[in-house]
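Shared between the two complexes below is chain A, which pairs with chain B and chain C, respectively.
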Partner chain A sequence: MTSAVGYLSCLAAIDLSGLLAYNTLIVAAGTAAVGCAAGVVGSLSVLRKRALVGDAAAHVTLVGVATAFALTGRRDLPTLLAGGFAAALAGLLVLVVMRRYTRTRDDAATAIVLSVGFGGGIALVAGMTARGIPGSAGLENFLLGHTAALTARDAGVLAGVSLATVVVVMLFLKEATLVAFDRSFAAAAGWPVAVVDYLLVVLVAVMVVVGLPAAGAVLVTALVVIPPVAARQWTDRLGTMLVLAGVIGLVSAVTGVAISAVVPRLATGPVIVLVAAAIFAISVLFTRWRSPREAA
Partner chain B sequence: MSLAPPLVEFHDVTVAYGRRPVLWNVDLTISEPCLFGVVGPNGAGKSTLLKAALGLVPLAGGMVRLFGQPLERVRRRVGYVPQRETVDWDFPVSVMDVVLMGTYSRVGWLRRPAAAERAVARESLARVGLEDLADRQIGRLSGGQQQRVFLARALAQQADVYFLDEPMAGVDARSQEQILAVLSGLRDAGKLVIVVHHDLRAVTDWFDAVALIDMRLVAAGPTRETLTPDNLRRTYAGAIDVLDEVGRAVQRRSRTP
Partner chain C sequence: MLLMDQKMNFGPSKRAVQLSLVLGATVAALASHPGWAAEPRTGMPRVVVTTTIVADLVRQVAGDEVETDCLMGPGVDPHSFKATPRDADRLARADLVVASGLQLEGKLAALLERLGRRKRVVSVAESIPKDRLIEVGDGLYDPHVWFDPTLWAMCVEAVVEPLGQIVPAGRPRFEAAAAQYRGRLKLLDDALRERVAAIPERRRVLVTSHDAFRYFGRAYAIDVVGIQGMSTESEAGLNDINRLVDLVVSRGVPAVFVETSVADRNVTALREGALAKGHGVRLGGRLYSDALGGPQSGAETLEEALRANVDVVVGGLAGVAVRESDGGTGSGR
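Entry: the complex of A and B
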């Protein structure tokens, strides 16, 4: 009973006028572009079975964001994201080196990079917050995503990078599909499969970095992984899957921004993830009900 | 008669995974277009031999020449059917999409296959009898049909030398006949077709020449002279489960002159 009353009073605190504020609309548009691009890039990553590598890159970004802040003292988004991107690339490099020069298997190497990078990031952020370094408290927004603090200019940067990423995917779609489907055949036909693989991993790194403000280092992977997997339920065509994944990513992102804009102190990332997961669940249920697949 | 270089040459090829050699000093030359079988027990290095020819594994020693040239110069003239385990059958591509991949080398970076490539792909599909299934997702085919799609993709490469790694593994009798007929057709059109195959009976019936491999090259030459009981025993030494099959193949062979 009391909890119900608490919930109602919480609802009363919701300020719907915030939803239509100019800045919120701009931020929603920018985040929509991010969600859409994440679905498209993520589709190729999932098909290449690189979901976990993306997750490692995402967690490692935190240490880069914190380091960029510590070194420059600046907290504008491009600076922090550049730091996150550098850290993601460094993490991926460590992954490659561990695979090649140590007797560590892929899954173990990925888990190590993920946890060490994230642990380092948390330690840095906590250390700076504890010392009361001005502005360091804002870094926590990169943990779970917090779009309310974004400016219109930030949203423009995020949308621009997202758009560029999608363009690159479209340009190399043929090559990426070939390598993801049949690596041996691609290599035998003379395609530089390693180059195509690295290109894809870098695109995923870009995507998790621009997804940071929306979903945070912990949850941004979901934005890259869930929409493609949900889209795959509906279609056997790659083109359709890319479009659907983009739409699902967009809807999840916009819903996340809208709900977290009106509910006080609710981070954006968890909402985005829950919306995407709900779409995934509906996709599975509906497509199974429509045409139950023969057990494969 | 002709001054043309041999189609495929392996010179003292040695391949190792880590420290363990899986091919040792293999020396093999194939000069004429023919249907050529590569035979040997599991783990003998048959797939590795094809991968060495295709530049997919680094050579620890020796060298490979195709048409008398290094591979890089002649990749466009080489077709490949990898072992079926290498791909993800749940991938969202249609049969047509997969066959089109055979034309990608000619299409090149950044461009999409055009009408000409689609025509080649459709024709290749027709040659393996799958034109009706062009729009099917690749996973929704039988094993035999999947192998025929892979064969169609290799046909779409329009190569002069084809390497096929167990194209008849897990295939029904009808698909096997169909695949063998297509391969014979390629041979008759002047192509060299190199096939890893474990059905000794089909090898005896259809193949012009064979190489017997067990890490080393045990023997190579025209099928009749090479598939001798003695050579087979040396190749399959220790592989008890196949001795029976070897015995039957040898018996058959001695009955048909």
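Entry: the complex of A and C
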């Protein structure tokens, strides 16, 4: 209670000048791009009932990050991201293969890939730290993200990859739609269902790995899931849903960045996800109030 | 409905978490075959210490009369250090355990407390009177006391008696060495104060990537600003970074400092923000924070590390080129 009062008195001293500061604009640009693209890519994987694929990919990156550091001794972003991406891709391929050729259920396969990748990563980091290898300590923090510390170069990379991802989704929209909604029809009609599936998996891996420095593992997972689910409340059409999810992701990012620029001591990444969650809650409440029978 | 029939199932299941923990521990145990830290038993009493800084303290007092086994090597962050099964084994076999204390070894606290019921565990920083410590929260104190040599001198006493217990014959030598070391720390304090005086008062701002230098700042009248919170675990907010950019620009701070054991992303963001306002900020070199340097770094002892730190700070803030070697790892002499 006293801390709440202290917090409110803190709010009274708010200074709006930070809204247009250089770092605010950079972080807003980077996270807006990620939020938007994650919403678009996430819509497809949520429709394929693979919401947790992103979560698995995000956690598996740790083993790749640790391996990349062990092999190169370097801790810069491109090196770690390359390792993380390779691991995420490998993990997701294992996932797809397991689903296709074994009798493992989807959620079990996801849990296995996630825990083996994450556990292996933690073990590697612990092993290196135990041997006193300089710079190995805290590598697992890579999964936490540093949203507020994005640089212009980071933002550029994020924007570029996000744009490329959205373009790829648009190019394959027709195929993806068919596979997402009616898999057996798509297969019967001779569509390359497997190729579309793999492509989707690669897109999720790219999105998650690129989003890691901007948001961290849990938060990027949330950005791949929450905006699509929120968008789904408003529409039954895939095209509309993609656009809406992208917009919700973008608005969440920009709003979250603005809040953390104004209020002291608020980590930026979590605020973005809270905004997205709030939009989801509003979407559910509003659409149910509008048509209660349909919702039931 | 297409989406809502599927339960939103966030995160890994409990089973998955357990599985990964078991797996992690197993692989870690397999991966950590005896490395540099596990020397053969020499028959000497074995003192297991947590950080290199505490190892230095024990060596200053006991010299080579005990075997000092350090859990965290150079470049290891004690705030996030977790003990492996082999570390627990080393602790279990110790004749004496010396930690820094005041929650510096946050993730070891439970293990050390359990150990304390079976053997002597000394937390040196906790022997400093509370009124000399910097309180950072409800009953929580900043653990980085070694940056004020006068405070560290108070910690010397804490190891003399326990060391005398495990090497009774060495007690007089330990007491003499401790008295001598305290004297050297006092001289070091005077020397550092003199060096810091070279920095213009307005520019006495030390910006680092985590708040390890509060005691250093208090002792030598330098404003210390960390981007992250007390530990390396917390994430910075945008507001914090924006305000730091303003501070650095308005006080004309010429350099910021990155620590040896903490990532430097926040510092990079800060420099970029300042540059956008037309104020260039150099990287003032690395400061030793929670770990001393490795062999041949010229900062293997706390005295050398503190001298090296002050050289880096003065070089960065006063604009005086102190020495040619780069990165703050060179010798301070």
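By definition in this document, the second predicted complex is superposed on the first by the 228 of 296 C-alpha atoms of A that agree within 3 Å, B and C clash if a C-alpha of one lies under 4 Å from a C-alpha of the other, contacts with A are read in each partner's own complex, and residues count from 1 in each chain.
Convention: contacts are C-beta pairs under 8 Å (C-beta built on N, C-alpha and C of every residue); 3 or more make two chains touch, one makes a residue touch a chain.
A quick note: this is a predicted structure, and the numbers were derived from the prediction, not measured.
Once chain A of one complex is fitted onto chain A of the other, the partner contacts of A:Ser260 are limited to chain C, with no touch recorded for chain B.
Of the two partner chains placed by the overlay, only chain C lies in contact with A:Ala111; chain B stays clear of it.
Of the two partner chains, chain B is the only one that A:Glu175 touches; chain C does not reach it. Of the two partner chains, chain B is the only one touched by A:Ala188; chain C is not.
In the superposed model, A:Arg232 lies in contact with both chain B and chain C. Of the two partner chains, chain B and chain C are each touched by A:Leu47. Set against each other, chain B and chain C differ in how many residues of chain A they touch, and the higher count belongs to C.
Within the superposed three-chain model, A:Leu71 lies out of touch with both chain B and chain C [touch as defined at top]. With the contact threshold set out at the top, residues 47, 49, 232, 236 of chain A are in contact with chain B in one structure and with chain C in the other.
Contacts from chain A toward chain C in the complex involve residues 18, 21-24, 26-27, 46-47, 49, 51-52, 55, 59, 75, 107, 111-112, 114-116, 118-120, 122-124, 126-127, 129-138, 141, 144-152, 216, 218, 221, 225, 229, 232, 236, 257, 260-270.
Of all residues in chain B, those touching chain A in their complex are 51, 54-56, 72, 75-76, 78, 80, 82, 86-88, 90-94, 97-98, 101, 104-105, 107, 109-112, 137, 139-140, 153, 157, 163.
For chain A in complex with chain B, the residues that touch the partner chain are 47, 49, 171-172, 174-175, 177-178, 180-185, 187-191, 232, 235-238, 241, 296.
On the side of chain C, the complex with chain A involves touching residues 2-3, 6, 8-13, 15-17, 19-28, 31-32, 35-37, 72-77, 80-82, 84, 86-87, 232-243, 245, 260-263, 265-266, 268-269, 272-273, 276-277, 294.
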